[in-house]
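Note that the chains are named A, B, C, D and E in the order they appear, and that numbering of residues resets to 1 at the start of each chain.
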Amino acid sequence: MDQAKNFTKGFIRENPVFILMLGLCPALGTTTSAFNGMGMGFATMFVVLMSNIVVSLIKNFVPNKVRIPCYIVIIASFVTIVDLVMAGFMPALHEQLGLFIPLIVVNCFVLGRAEAFASKNTLLSSVIDGTGMGLGFTFALTLLGAAREILGSNAIFGLQFIEGDGMLVFILAPGAFIALGYLIALANKLNKQ
Amino acid sequence: MDKLITVSPSPHVYGDDTVKKLMYGVIYALLPAFLVSVYFFGIGALIVTAISVVSCVMFEYLIQKYMMKTEPSVSDGSAAVTGVLLAMNLPTNIPWWIIVIGALVAIGVGKMSFGGLGNNPFNPALVGRVFLFISFPVQMTSWPEPIVSRLQYTDAATGATPLGVIKEGLAAGVPMSRLAEQIPGYLDLFIGHLHGSMGEISALALLAGGIYMIARKIITWHIPVSIFCTVFLFTGILWLINPYDNADPVFHLITGGLVLGAVFMATDYATSPMTPKGMWIYGTGIGVITVAIRVYGAYPEGISFAILIMNSFVPLINKYVKPNRFGEEVKNG
Amino acid sequence: MEYIVIVLSAILVNNIVLAQFLGLCPFFGVSSRISTAAGMGGAVLFVMTVAAIVTYLISHYILIPFDLIYLRTITYILVISSLVQMVEIILKKVSPPLYQALGIFLPLMTTNCAILGVAILVIQNEYTLMSGVVFAVAHSIGFTLALVILAGIREQLELVNVPEGMKGNPIILVAAGLLALAFMGFAGIV
Amino acid sequence: MIHTFPNGGVHPAEDKFAAGSSIKALPVPETVIIPLSQHIGAPAEPLVKKGDKVKTGQLIAKSKGFVSANIHSSVTGTVKKIDNEPDSSGYKRTSVVIETEDDQWEEGIDTGTSIKKNITAGPEDIITRTLDAGIVGLGGATFPSHIKLSVPKGKKAEILIINGVECEPCLTSDHRLMLEKGEELLVGVSLIMKALNVTRALIGIENNKPDAISHLSRLAQDYDGITVKTLKVKYPQGGEKQLIKALINREVPSGGLPIDVGTVVHNVGTAYAVYEAVQKNKPLIERVVTVTGKGVERPSNFLVRIGTPVKTLIEAAGGIPGNTGKIVNGGPMMGKALNNIEVPVNKGTSGILIIPAPEAARKPVVNCVRCAKCVSACPMGLEPHLLMPATEFKKWDLAEEEKILDCMECGSCSYICPSGRPLLDYIRLGKSTVSKIIRSRKQ
Amino acid sequence: MSDIVIYSIITLGAMGAAAAIILFLVAKKFNVVEDPRIDLVEEELPAANCGGCGLPGCRAFAEALVKADDISELKCPVSSSEAMAKISEILGKEIPEPEPLVAVVRCAGTPANRPRNNIYDGTPKCSVASALYTGESNCPYGCLGLGDCVEACRFDAIHMNHETGLPEVTDELCTACNACVVECPRNIIELRKKNKKDRKIYVACINEEKGGVARKSCKVACIGCGKCVKACKFDAITMENNLAYIDPVKCKLCRKCAPECPTNAILEINFPVRKQKAGAQAQE
């Protein structure tokens, strides 16, 4: 497979959030600001990348019957690593993302990559796929976070550009759904062209 | 025969009702309430209504023409109805740009995203209103002084609604009997001499509009009556149990947006059930949730949320509450 | 009283889907029919309750005594996935009708973050076992409620012409957003 | 107390322009086209061939199978051809075309005007005579009447209901028949009662025909068990199920027949035809047809030989007005628009309605606003707003579940819809598809 | 530090082993025999159990795949197309490459050929109009021109020509899926063999009325004269119910029949222009 294509597909064409509708819980739950979205995106990307690497390395040794539990354990280990590292080094962000860090383990996007891609492809392809898809996920979360931050608090990455509060609703749950809805509509439109 | 004759399936005659007539009927029914609020709030009421109606109609036109690429149908009056209803739900001193945002959300998100008139599961005007209420809590809850602020649009002297006074008072532990002194008399409340959203103040004018709509068969009586009955019963029971910490049922009926909501918002065709039985369930639900929010919730007013919540149940009600099918219960007598 | 607060809070105020963003994959995935949504709700109710009990026991009798809290995620997911698989195998044999009604949703449970999320929340909130069970049951009811309402709206939307660009996921998300907006009215009710 | 059926129904403008014009016999036309399928069921089998001479009242086609009806010649003359001729839908059906030469009636037919009140025929004779005379439901359904006269085994008829409702706007043929042939009609009702072995008969008439109500009530005093009941004007009260509900408050179950609730319903026209067949030995070769409409010069009720081209009737009423938009075979609610006025009058033709061009056009279609007016208008308690998209989006399961097959196609929903939605167009389509699906499932 | 490692390993190992043993025993005891292909298919699926296919979980999807006759409708948003190809290989449900067919509209009743004698004002759907009456012309067999076939086509291959009032098929896009054939209430559309350069020759009429009657309602109707039958050397043309039919399999595209037709009911498409009588063939 063309590695460049393999890398870029995660951005729009097979974007996990906008097109595949996977990993929606963190995509909506953590994107109150662009920074939070990006943090969550990178955390997930790390897990995807690492689990892709490990899965791709051990794919020939794991018996087929137990591969799913194995993958889950691998993913869960990396999630625990991320959880602990973040708690240690970025306690503020860790506090913000809260429950969603351990929940990366049940993000079907992560398991999906391991199962659908890494378990069938070479190490290099898996690394590229993990990075690409991870970046696509990060991109989606950052974009959604940015949109919500701009509308909801008149700021982007914490920089206030208009005085006063924005439309508070975009920071809250309803705004998340609505913003993602219109972003997906937009992505569909771009994809069609 | 010089011209070709027309052929079409039966029936070959049609009733007089059109969507346009029904929508303009709603607008006529809103006129008394509008006039009362112009009397009390003056220029602000005019400006808010004008901005709201114009932006709703404009957004609908633009979206239909340039985004959906269909023939614009703004002349049917439904966008104007949404505009008037949205305005009715706003304080008359609200900045113009907030109204425009509200209109965009009401029409763009609440209505046109679903395909326009009739497809929307939630009442567009209420979507706009609740969106604004959550987004701009400060501006949405500063109510201009009636009569004295007639010649001012913004920057008028403001005060709290009777429901707000009671909510805060009770939260602070003030007994009901003392709070009653801080709110206008029942006659004022009924006519509309109070703080509040533009269109919700005068229960009298709204009821007149409601009676007009029922007489013209634009709406049926089931929804408003079921809401009124439920609110009266529920608040009545609470009041009988504890008159010190609860307002009496009559007060609940004539204050806040209850009449506006029950008569004009809950009865919106697209978002209310199709059968009388369903309407009773729907109305009862709205009544219960309204009182629950007013008495126990964080907000002094609950009818908007209550209607939106029950809107979401309407597809389920329609699915499980069917009209009396002919021949289903065979009663031979 | 404590239980009533938990129940109302879980179902209305902090609805697991509409306010906490958990379990969104099945929320959007399995809400195309009311009957399917109800079946999924039943399965969630069952698995969530059992999972909450089992993880509570593991947490209190293994992880905490041995000071292994950091293994929480990994053990929970292991337990939940085995549990789900076990229940599925048993149901298939013991009661095929029940399996048809609930069992087909079971594989979705492993990756339903609502299950793991609730299990973690029970520990985080330091509930007793009984409160934890009430919490799990109430959350699954809240999940089912949101799922069934959305399914109702989707069934209705199936019979109208939604604009081309909004068809499919976008309009469902917007509908869910408006549903969340409506549910904000319950704020402060407990 | 004036009764009506409780749920649903609409009230279109009545426009009964021809109510005051008495029944005039139209001259025998030069050519008649007699279709062999003027009834529900199998077409009749022709007994004549090209070139045969036939007399008025002569049997020219025999019923084939149980659900079928005899066809008689309505004129005296020569069979010109037996060929496919367009019916009111434009589709071609086998018909016998006869060129008129004379008007000689078949022997044994009493063509006199005296009223024969004395009933001598037994129940079996009455049914046989009805079958022989080729009588079908003259209200428009054209279901062979002899079947409705023979009560199936295990069922029992208690009450006979005679439909004098004429709820369709504009039409007046039944109204005039009740006024002018009241005595004969009541004898006919007694005959049907005898055939069914019932002791009670109710004649339901809407209260926009007070003259017919008082006339028949007065005459009915001389007949045992026959009562005239006044009903409130409401469309579609002439529907069997609605009429039974309105008169005796019984509901025919979904998919059932009136006999399931112990009743049999016949139209007044059918009762009159039974009288003629039994007492006068006269087959069904003519019927009363209303020709009316806003622009029509002389709205009239004609006694017409079956097979007369519609064009002849319209000309007798003053010709086609200049601004004609639509010509309808039947009433405005359930009638069928014609694309060709050469088609013949058949046993089911109760009226010809001419609608001016401006009124013929449909309303522009806009989105359904879910106003529920169709739900409250549906006399069967269905939800047309749901059935239409179910058909449009091909959700046949939903359509079946929502009882699309109970629809009687009365058109109340399309009439009332403020959005001008063609609800009935789709529901009809859905009905035919769903019944096809059900049939294929049974196989 | 080493304590933590040891404890972790022991705990996890013990739990893993316990879970494995329990599951093994349970699976043994409660074994249910199923179509083995379900497992094979499931292995190819991503096991993400995301519900993206609309079915609850990958196994349900696999079952649906095994059960379905036509798997082209079932799509997994996560799987690659290779995985799906492999699945279809497992199931052997690839439809054998059929002889290429293309949809052909057998009516040439343009307004000029077939005068209108009324205006249809009902729901613009052929199925509704057809159930009501013969249509805007007198021909009870002809195209109603309301576009049910256009709506039925998922490949954008059939469009209404507003001048002729007849649908036209874009041959390159047509997949011969039969949807329009099923949808047409009058059975006007037929799937015919696809020839070289998209050439086709067919009777563009299905009117079974007698010649005179058919001719009266449409100028280009087949009047059942039988001249084409005689002209054909390959026995490809049959005459039934006053209607000629050219068998696409037997037809050798010799074009002998078309000039014989007195009403020009036989259409030749995508042929080089004839040298003589070129004027008569205005169908290109």
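Rule of thumb we're sticking to: a residue touches a chain if its C-beta (ideal position, glycine included) is under 8 Å from a C-beta of that chain, and two chains touch if they have at least 3 such contacts.
These figures come from a predicted structure and were not determined experimentally.
Visitor: Could you work out how many touching-chain steps separate chain A from chain B at minimum?
Guide: Between chain A and chain B, the shortest chain-hopping route counts 1.
Visitor: Taking contacts as defined above, which has more of them, C-D or C-E?
Guide: It is C-E, judged by the count of C-beta pairs in contact.
Visitor: So the centre of each chain is just the mean of its C-alpha atoms; given that, what is the distance between chain A and chain D in Å?
Guide: Computed value for the inter-centroid distance: 70 Å.
Visitor: Report the inter-chain centroid distance for chain A and chain C in whole angstrom, where each centroid is the mean of the CA atoms.
Guide: Centre-to-centre distance between chain A and chain C: 21 Å.
Visitor: So, what's the distance in Å between the C-alpha centres of chain C and chain B?
Guide: One centre to the other, that is 34 Å.
Visitor: Hey, how far is the Cα centre of chain B from the one of chain D, in Å?
Guide: Each chain reduced to its C-alpha mean, chain B and chain D end up 49 Å apart.
Visitor: List, in ascending order, every residue of chain B touching at least 2 other chains.
Guide: Within chain B, the residues that touch at least two other chains are 5-9, 109, 113, 115, 118-119, 131, 134.
Visitor: I need the residues of chain E touching at least two other chains; which ones are they?
Guide: Within chain E, residues 16, 19, 48-50, 52, 117-118, 121-123, 128, 132-133 contact more than one other chain.
Visitor: Find every residue in chain C that makes contact with two or more other chains and list them.
Guide: Counting only residues that touch two or more other chains, chain C contributes 25, 28-29, 71, 74, 78, 82, 110-111, 160, 165-166, 170-171, 174, 178, 181, 184.
Visitor: In the complex, go through chain C and note every residue touching chain E.
Guide: Touching chain E: residues 25-26, 28-30, 32, 36, 40, 62, 66-68, 71, 74-75, 78-79, 82, 85-86, 89-90, 92-94, 104-108, 110-111 of chain C.
Visitor: Under the touch definition given earlier, write down the residues of chain A that touch chain C in their complex.
Guide: Touch residues, chain A against chain C: 21-22, 24-26, 28-29, 68-69, 72-73, 76-77, 79-80, 83-84, 99, 102-103, 105-108, 111, 169, 172-178, 180-182, 184-185, 188-189.
Visitor: What residues of chain E sit close enough to touch chain D in their complex?
Guide: The contact residues of chain E facing chain D are 117-118, 121-123, 125, 127-128, 131-135, 138, 140, 209.
Visitor: Tell me, which parts of chain B touch chain C in their complex?
Guide: Chain B residues touching chain C: 67-68, 109-110, 112-115, 118-119, 121-122, 127, 130-131, 134, 289, 292-293, 296-299, 302, 304-306, 308-309, 311-316, 318-319.
Visitor: Once bound in the complex, which stretches of chain B touch chain E?
Guide: 4-9
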